[in-house]
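Below is one structure, written out as structure tokens; the observations come after it.
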Amino acid sequence: MTVLLDVHDMTRQFGGLVAVNHVSLHVNEGEIFGLIGPNGAGKTTLFNLMTGLTPPTSGKLSHRGQVITGLAPHAIARRGIARTFQNVRLFGNQTALQNVLIAQHIHGKSGMLASVLGTKRARSEAREAHERAMDLLKLTGLTYHQDSEARNLAYGDQRRLELARALALRPNLLLLDEPAAGLNPAEKRSLSDFIRRIRQEFALTILLIEHHVPLVMGLCDRVAVLNFGELIALGNPADVQHDPAVIEAYLGA
Amino acid sequence: MDIGLTFQQLLNGLSIGCVYAIFALGYTLIFSILRIINFAHASVFTLGAYFTYFLIGGKFGFNGLLSNGQLPFALPFLIALVVGAVLAGLVSMAIEQLAFKPLRNRGADPLLTLVSSLGVAIVVVNVIQYLVGAEIYAFPSSVLSGLPAAVNFGNADRAIPIRTIQIVILAVSVVIMIGLTLLVERTRTGKALKAIAEDATVAGLLGINADRLIMATFFLSGFVGGLAGTLVGLSVSIAGPYFGIAFGLKGLAVIVLGGLGSIPGSILGGLLIGLAEAFVPSSAIAIKEAVPFAILFLVLIVRPQGLMGRSLVQKV
Amino acid sequence: MLEIKNLTVNYGGVVALNQANLEVRAGEIVTLIGANGAGKSTLLRAVSRIVTARGGQLTYDGHDLNRLRPDEVVHMGVAHVPEGRRVLARQTVQDNLALGAYVRSDTRAIAADMQRQFEVFPRLAERRNQLAGLLSGGEQQMLAIARALMSRPKLLLLDEPSLGLAPLIVKDIFRIIGELHRQGVTILLVEQNARLALETADRGYVLEAGEIVLSGPASDLIEDARVQQAYLG
Amino acid sequence: MRQHQTFNPKLRERTVAVVSAAGLLLLAACGAPTAGAPGGSGATSGEPIPICFSVAQTSNTALLGQDQVVGAKIAEKYFNDKGGVNGRPIKLFYEDTAGDENGAINAFQNCINKDKVVGIVGPTLSQQAFAADKIADAAKVPVLGPSNTAAGIPQIGEYVSRVSAPVAVVAPNAVREALKQNANIKNVAVAFAQNDAFSKSETGTFQKTVTETFKLNLVTVQTFQTTDTDFTTQATNLINSKPELIIISGLAADGGNLVKQLRELGYKGLMIGGNGFNTTQVFPVCQAQCDGLIIAQAYAPGLDSAINKDFIAGYDAEKKSKLPPQLTAQAFTAVQVFVDSLKAIDTKTKLSGMQLADIRTALNQQMLLGGKYDTPLGPISFDKEGEINQGKFYVAQVKMTSGTEGNFNIIGTY
Amino acid sequence: MVAMVLAATLALSLYLPLMSGQLSLATPGFYAIGGYVAAILSTKVIHVTGPYPIPLILGEMILAGAGCGVLAVLIGVPALRLRGVYLALATIAFVEIVRVLSLTVEFTGGAIGIFNIPQPFVTANGIEYLLIALPMLICAALFVYRLERIGVGRALVAIREDELAADAVGINPTRYKVLSFAMGAMLAGAVGALSAHFLNTWNARQGTFDASIAVLAFVLIGGSRSFVGPIVGAMVLTALPEGLRAVAGIGELPVWLATLLRDGRVIIYGLLIVICTLNFPQGLIAPRQPVRKAVKSS
């Protein structure tokens, strides 16, 4: 198994608060990796560290063996690390289709002038981008909503659109921040299936934060538990679930 | 530069800075609560000066509708000062009701409020001109009767004079600053105002009548602005309807430099800009006007939230 | 105590609530469950008047709420803990609580009440001088509830108190809700976690696409096949 | 926090309504010039002869413009009472130039195309003149600048003239008078409003006069802006350079404040104020501290001539004051030049028989060749380019009588 | 007419950075600089007898645009880290610094400025300037229209809507923000160069705080969500005072009304700005927002 993302001894402080405290872990190519822990344990901060949105106070981050600590978010995204956000962050006034097209922008090759003038190559490139975007909308079941502005979509649809947008980056690593929040039980089940499916189809590695314990346990190959910024457990779901430290800090009796 | 001159320019800078600060206080007050820049503040400032001028029995010139108009009575200056400021406060409240409240109720972009306030400023300035013309009005020097024109901070050999009126402005702006700071930091109303500033909906859910407090804030801002207008008018005369507008731009620089919405910040910003202007070397005086803006530009780049502004960490 | 008749609310062209009927009797916990976007929060917002109803009656203790401003509703003894907590991040815990008692002027009783909140929520006591924005999600939720209680409400509107919280904290919060109930506070609870909500409540309503489709005692709803299928999993 | 906009179905309709209303306004705005095709005959019937008076009536330039309008109104009434142009009255069209170049262009186009005037008096500022005068020149409509003093104005075109003497002529006299009052003057300090074209030109002349004509030391040059109110920094710098004479080029409000603040901070020496001080508006600003200020004047209320007395009587009737500002006198003069020239043309060839275009051309020629005009400014004439030859300049010294009232006492005539 | 077209183009130059959510009020600063470039070149460097050749004007416009573009990059890289009102203030500071410097240095002619700028047209009532101004506006509008429909435009819009999310999908915010800022500056510079010829004179009063606010009003009153908005806003607001003047000139109006319209024209103008803001929150040209879709997706 090859290591795709390696987090080495990362720490992040906000003022006096240590949000992430000397955390080391690695994510293997092709696995679904779960990150759980109580509120304020530092899960989202860890995501932000991995995607460059928050620079670390100390520590090292490598992707496919290359150190990427300190890279800007867009540079990290261009390496194929895509994410969704805890409180969906779509381009609200843009249609669903445009949201996906925006993310495809980085794969465009024509220069600005060529695109403005609409040269042949730029036109065919635009057509391809459009087709691919439509495919992604179809995959996420949003074809019907392609022209709706993102902010007018129902909450569940917004989450799916965010996923489609992340996939448009053609990522190798996908970071999902609470993908099941606000979904009903039926939707949660289909989300699990969907995550497995896209892992297959896009040859993805997936890292997810989730509170819904059954979903995490059913879906993930490995699970890490954070508490007060520290890694308190890491292993396969069954072991983690019975770890006394985890029960005390998070799951409750 | 010799010590005497340095000290003189230091005092000059402080006194100029106070004028900027006193102008900016009303600006800041509105910004701290509503997060909008109220361009109409400059015109309320102007109005305050005109009101007081009229109330002390001043006569209008012959341009404009109210040509040669004059009140049949004349109030003593101090009373006129307060009444003029109250009137300015009422105008400010009316502006809030007519031009800002509808936008706020709709949750409109604060930029629109800025444009709306610009429209109000245009209206007020031109109504003044329409009514009383563009000429210069001045308070008779007798209102400061008994006081010398300047106070000497040096000695007989090396005079370091400061204009008395500027000392008055300094004192008044410090008093207003302390008053406003106490109001916002220490009182229940102040906390409620901060709550409105942060989240007006939640403020409503806590039983705070946001509309009423916002109106009160506008009154206060207009009152302080009107007071400042009169005092500055006393210092330099009312140079036409655009009198206050001339302070608008620098006032903006002051409140941003100090940190938008911070009351002590706008005093600090005002003094800093005043001092910077005063210490422009005599030979480079031509670029004096650019100095505050150069400072502003640099400060913003180094410390985007201003000197005393609190940075807001964006939550992901 | 609270009676809602034919309540209709529109957002722009979209109908958020359509002819909803609901009532809460003194001393009850009533829960409102439904999918995301079904209109649950909208109903609470209409009661506390931060959205304006397009039609229908809102009667509380014999008063027509539709005539009141949000702050007047608070004066009548209704406190709303909004979705997403919305504590005043730039003020301290203590100031948040003090503002919760804004409608009251009995200084001494307020101080006593604040002391009581600190007893109920010891985590808040530890952090009373911290800015509320620096609290963790669970602590913020507790602060939001404590703040609402500072107005000594007769009716408490709770919107998604479990949202985004870890299982352990959710348990804690629901334990406190149960305690409040025992102290005689009437509660209207909107909750995503239908099982927990129905286990806590006396009665429940199910909201789907802006319409009340089902109502009854909580214990009946928990057994209802449709509810089980759609919300309990 | 951002709330969702509620969609208002009426919004579309209203948008359409406003856009079409705006469209109508546009049509009205654009339609105005085209409606007035040249060759019209505004001046050929028995109706009043149209003249445009186009200065700044709004914006912060209105402070100057309103003084000019007063002069024009007095002139219109005065000359019509005296029979107008050989029996035909004149009618002034007041087109507001506002404070910027585009405003001046629009106002001039209205004068030319809509009002179909025979000539234009205006605009207020030299900068505006550079933009607007060329339009009148191209349309062959004579323009008389009432207050444009910058170099190069008459050279804009054949049809451009002015009654406002360029500052180069006026300024040196004041320095000469100051030297008469204090022969020990060695060190001179200068201050000027750097954002005012008038003051910028004037200070150049003053500085040259000081260093070249009188060989004095120029110890410091301080600048300020017309919008400034606090001059303590400049005043300190000026005083600190220990001059025996301070020369200020500025306008009433800013200049007056500088004078006041200089005195309050302890300056005791002589002061010269430029042409911008030649208005009673200065008095309320510096009040008692105005006393002793020497002012170079292109117009002196004290001039003993019939026309000036009539003018002052007219001013007194309107404004209850016997001290008209220079701008008012120059505005009056500009209208007078047009009226006198029209009279001269009408005497040779009846105006009612002429085409508008011919009147415009004739008016311009007549003005330039028309010899001397006896005006409130004293006797004036124009050279070939349209530059004013003014016979008399004055130097006055302010004597304050009470709080905000004072007099300009003439101390020298040149 | 020419003034309207120039104002519309200027409004577009403010709209360009706004596409990426950057509230920059630097437009008048670049406009002023562009004007000085043209004024100095045509009066002091190039000497032509007879009508001034139009290609030279176009050359000046390109040069002014390029110069402003370079300057914009230099200023933009540090300044564009600022957001919202802070950026607006920093750019106003830039405008003010340009103004004071142009009053201070010698080659700009101080307060008097530069005048007698050579004219390309003989019958100078100015309307011929449309020959240059209108194609410039059309080109700029077409450019923006196309820009909104290609990847770069989408990247700009993404930054406007959510900079952080844009960053997370691989868009380099700094690069695109500077790009849109520089494009706006280039356009403003070119407009300035043309305006200098049109006005025949150029001085420090061309680029001021007031102008910044006026251009902002063009965009917001017109509508800031599509490129048509700024154009319409600029044209309406530029024509409005003249329109009111024309209406006042209509003979049949009652005297009091005509007087009010003439003397109170600026008051009415101000009132209309307030009324427009209150009634057209999205600007006169609101984005299309069909009801159908909103319902469908809920």
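Which chain is which? They are A, B, C, D and E, in the order written, and residues in each are numbered from 1.
The definition used in the following text is that contacts are C-beta pairs under 8 Å (C-beta built on N, C-alpha and C of every residue); 3 or more make two chains touch, one makes a residue touch a chain.
This one's a predicted model, so the numbers in the text were calculated from it and none came from an experiment.
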Self-check item: B-C against A-E, pair bridged by the larger set of C-beta contacts
Solution: A-E
Quiz item: Comparing centres built from CA atoms, which chain ends up most distant from chain C?
Solution: D
Quiz item: Which integer distance in Å separates the CA centroid of chain C from that of chain D?
Solution: 71
Self-check item: For chain D paired with chain E, centre-to-centre distance based on mean C-alpha positions, whole Å
Solution: 31
Quiz item: From the C-alpha centre of chain A to that of chain B, how far is it in Å?
Solution: 50
Quiz prompt | Contacts with two or more other chains, residues of chain E listed in rising order | solution = 103-104, 164, 263, 266, 281, 289, 291, 294, 298
Exercise. Please list all residues of chain D that touch 2 or more other chains.
Key: 4-7, 9, 58, 194, 223
Practice problem: Going through chain B residue by residue, note those that touch at least 2 other chains and give them in order. | Solution: 106, 126, 199, 201, 286, 289, 316
Practice problem: Quick one: which bits of chain C touch chain B in the complex? Just the residue numbers, please. | Solution: 48-50, 69-72, 74-75, 79-80, 82, 86, 88-91, 95, 98-100, 102-103, 147, 151
Self-check item: In the complex with chain E, residue positions of chain B that touch it
Solution: 37, 39, 98-99, 102-103, 106, 108-109, 111-116, 118-123, 126-127, 130, 248-249, 252-253, 256, 260, 286-287, 289-290, 293-294, 296-297, 300-301, 304-305, 314, 316
Quiz item: chain E touches which residues of chain D in the complex?
Solution: 5, 7, 9, 11-12, 14-15, 18-19, 22, 25-26, 28-32, 57-58, 95-96, 98, 100-103, 105-106, 109-110, 114, 126-127, 130-131, 134-135, 137-139, 150-152, 155-156, 193-197, 199-201, 223
Quiz item: Once bound in the complex, which stretches of chain E touch chain B?
Solution: 23, 78-79, 81-83, 85-86, 89-90, 92-94, 96-97, 100-101, 103-104, 164, 209, 213, 216-217, 220-221, 263-264, 266-267, 269-274, 277-278, 281
Quiz prompt | chain C-facing residues of chain B, complex | solution = 188, 191-192, 194-195, 198-199, 201-202, 204-211, 310
